[in-house]
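Shared chain: chain A. Partners: chain B in the first complex, chain C in the second.
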Partner chain A sequence: MKGNEVIAEAAIRCGCDGYFGYPITPQSEVMETLMLRKPWEETGMVVLQAESEVAAINMVYGAATCGKKVMTSSSSPGVSLKQEGITYLAGAELPCLVVDVVRGGPGLGTIQPAQSDYFQATKGGGHGDYHLIVLAPASVQEMNDFVDLGFELAFKYRNPAMILSDGVIGQMMEKVELSPFKPRWTDEEIEKISGSWALRGKKNREHHIVTSLELDPYGQEKFNRKLQAKYREIEAKEVRYEEIACEDADYLLIAYGSSARICQKTVDLAREQGIKVGIFRPITLYPFPMEALAKWAGRVKGMLSVEMSAGQMVYDVRLAVNGKVKVEHYGRLGGVIHAPEEVLEGFKSAFGL
Partner chain B sequence: MSNIQDITKPEHLVYRKTPLLTDNVMHYCPGCTHGVIHKLVGEVIEELDIQDKTIGVSPVGCSVLAYNYLDIDWAQAAHGRAPAVATGISRLHPEKYVFTYQGDGDLASIGCAEIMHACSRGENIVVIFINNAIYGMTGGQMAPTTLLGQVTATTPYGRDPKLNGFPMKITELLAQLDGTCYVTRQSADTPGAVRKAKNAIKKAFQNTRLQKGTSFIEIVGTCNSGWKMTPVDSNTWMRENMFPKYPLGDIKDI
Partner chain C sequence: MTEEIIIAGFGGQGVLSMGKILAYSGIMQDQEVSWMPSYGPEMRGGTANVTVIISDERISSPVLQRFDTGIILNQQSLDKFEERIKPGGTLLYDPNGITRPPVRKDINIYRIEGARLAAENGNPKIFNMIIMGGFLKVKPIVKVENVEKGLQKSLPERHHKLIPMNIEAIRIGMEHVETENRL
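Showing the complex of A and B:
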């Protein structure tokens, strides 16, 4: 199945209550698949094509206030439009899932795959001090797995979660083991999980207000401190990463998503030439695996951040190792996918090999 | 029967505040119509006995804090996005009464796309649109509904169509859309007008019960602070200038 189709199927299977979207290449198959599947007949899941990405994310905001599992998907220019809604979701502490199938920018850019929205995804993206929980799938299988995981984390922390994919993973066809069907939450389950804040109609309790407004700056500072405490907890508990061929490595390629797949071939090519290279793959881009990466700082001679961008994650890699090891960047730009051989050449040239 | 115990007997009660209105002190300026309209919404929710089934969506603008005044569940929406937020709530809570409460800048300017498409889809919601021809919260700037010649903070020499364009009759536009079932324009400047406005609000909520689509109620109101007039002069100015441009009455009722 295609990565995008799997997002749709995984949403239905994990008991998602609502999807709101707007067509944009290269992720339109998500909504197309949902419309074809008619989940409203099968599970009761709502699927709605909105008039814009702005409307779609605000429909998600409204739907999320109900304490239900709701999501949207888009690609880079569309995700830029969604940033207003995303910061409101973060500010109102609403759980939801946003899928970003990244394409090359800036502006209208290109419809080809890129990884140039790392900053936008991991550093907030809209206004204010907030983070999304960002999961980076490197396979169609992970497109499936991260839908459920994204919802789990979003509800655990009452925070929007994002799957940061790209045009390669979205359009790529691979074998996938789909998750078993889970029913949508019942009213009783929603009451148990989100009953303390969700908008379900005031009865025998105080009225619930979902808002991100606090006119008193001291009150807003207090709320921001609470948000920051939540992010520290996420950073402590939710870091995910994968180490490939790292045990004997002299050098590490740091790569996520489709670049991590490309780097697997690069590692083979390098090892054929007697250069011991491994891959450190962050799976959560926020929280970034700072400590796990820092442990390698004294053990390898160099790290190369491989991203289809001008170098964005490389800043987090440098923060993680704090100057203890040389960190360089390699990446093709604007929708060009780097070949394993190109990465190897970039790697050798970065470290004078 | 002149002592206080006699006078306050339940059978002598002639008026009480609807319990749907909270006791929070309203932030609205003296003379503002929001308070009256909030009360009407509260009375309708009480009379229809739907407090436990009603969810309000407040806008950005003067009525952003409406959630502090009506004792129901509320979502606060981004500027202009209340109809999209209400769509999300209503689609996932089809049995609930979902309404937005929006001003003219929120609904007719920045939220033009969202209200158009919510009405076009015929979302089963109520929209209460307060048109006072000005941005109140931000200090009295020109709104899409500001009249020609009207002085605001951003039209200090009066609204000039060459410079600022024309006032927008969005309610008439929305009446053209197949998804709206009830479109009306009301005011709240006299006891009679208040009763009519309340009936319109009640009808709109009943339409939600009947799953008829989008009910849209414009209420032409005043902003004496923004207009820089006394409340009494504001009402006079509204009747002389706003009503000819924005005539009261039902525009669509199917």
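Showing the complex of A and C:
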């Protein structure tokens, strides 16, 4: 199955209540697959093509206030349009899942794969001091796995989660083991999970207010401190990463998503030439695996951040190692995918090999 | 075994679907597969290509610079991919519309008149399966019975009646592939 098709199937299988979207290449297969599958007949999941990306994210906002498991997906220009809604969701502490199948920018850019939205995804994206929990799948299998994981983390922390994919992982087909079906939450389950804040009919309790507005700046500062405490907890508990061929490595390639796959071939090619290279793959881009990466700073001669961008994650890599090792960047831009051989050449020239 | 294949030609020739059927056939014999299309605004008439990898091991990069096999169905693709076939690799092409034939001497080159054979059999739709037959004759990496299973898996039920015709097209391709350069 294609990565995008798997996102749709995984959404149905994890008991998602609603998908709201607007088509854009290279992720249109997400909604196409959902429309073909007609989950409203099977699980009762709502699938709705909104009139725009802005409408779609605000439908997510509305449904999320009710404690429902809801999502949207788009690609770079569409995700830029959704940023207002995303910061409101973060400001109202609402769980949801946003899938971004990144393409080349800026502006309308190209429709080909890119990784140039790392800053937007990991540093907030909209206005205000907030973060999304950002998962970066490097295989079609992880497109499946991270839908459920994304919702789990979103509800655990009452924070929007994002799957930051790209046109390679979205469009490629490979083997995948789909998750078993989970039923959608019942009213009783939603009450138990989100009953303390969700808008579900007042009945006899105090009314709930879901908003991102606070007119008193001291009140808003207090709320921001609470948000920041939540982010510190996420940074402490939710870091995920993978180390590939690192044990004896003299150099590390730092890469996520499709670049991490491409780099695996680069590592094979480098090792054939007697250069010991490994890969450090951040799986959560926020929280970024700072400490885990810092451990390698004293053990390798150099690190190369490989991203299909002009160098965005490289700043987090440099922060993590704090000057203890040379960190360089390599990447093709604007929708061009770097081949494993090109990465190897880029690596060798960065470190004078 | 790892086979890294590029299939390239015009949109509408069945390039992407041939790759898909090949990938499904690999799955049917318990191999790892990846299928990565060049997607774009191009539709019928434009160029289309797909990278298919079939392997006994976990597949690393789905995106490749060099290939074991090139299945090339138009001139633009031949110009682009001939040089990207690994030395000792295989090039299979359809001479229909080719004005500058392949020149390399360090690869195996095979020719299959897919377009002509499809027209002679009165069915242009079997073109890509004739090419597939030619490929499987020179590189039998998947068994025809697994292609049949792959077709059952990848085609919707209502199209299953077309499977025997596709298998027949593979047989036609196998019989008509010609050797141009053999190492």
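Operating definition for what follows: the second predicted complex is superposed on the first by the 353 of 353 C-alpha atoms of A that agree within 3 Å, B and C clash if a C-alpha of one lies under 4 Å from a C-alpha of the other, contacts with A are read in each partner's own complex, and residues count from 1 in each chain.
The rule we apply is simple: a contact is a pair of C-beta atoms (placed from the backbone, for glycine too) under 8 Å apart; a residue touches a chain by one contact, two chains touch by 3 or more.
On a predicted model such as this, the values are computed, not experimentally measured, just so you know.
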Room on chain A for both chain B and chain C (clash or fit): fit
Contacts of A:60 with chain B and chain C, given as first, second, both or neither: first
First (chain B), second (chain C), both or neither touched by A:261: second
First (chain B), second (chain C), both or neither touched by A:178: neither
Touched partner set for A:167, first chain B, second chain C, both or neither: second
Which of chain B and chain C A:246 touches, first, second, both or neither: neither
Vertex chain A, arms to chain B and chain C (CA centres, degrees, nearest 10): 120
Of chain C and chain B, partner touching more chain A residues: B
First (chain B), second (chain C), both or neither touched by A:297: neither
Smallest distance from any CA atom of chain C to any CA atom of chain B, in Å, after fitting: 28
Overlapping contact positions on chain A, where the chain C interface meets the chain B interface: none
Complex interface listing, chain B residues touching chain A: 51-55, 57-58, 64-65, 67-68, 71-78, 81, 84-93, 96, 113-114, 116-117
Contact set on chain A toward chain B in their complex: 17-18, 20, 46, 48, 50-52, 54-56, 58-66, 68, 70, 84-85, 88, 92, 199-203, 207-213
Chain C residues touching chain A - in the complex, by the definition given at the top: 20, 23, 27, 32-37, 39-41, 59-66
Parts of chain A lying in touch with chain C, wherever the complex brings them together: 25-26, 111-112, 167-168, 171-175, 258, 261-268, 337, 339-342
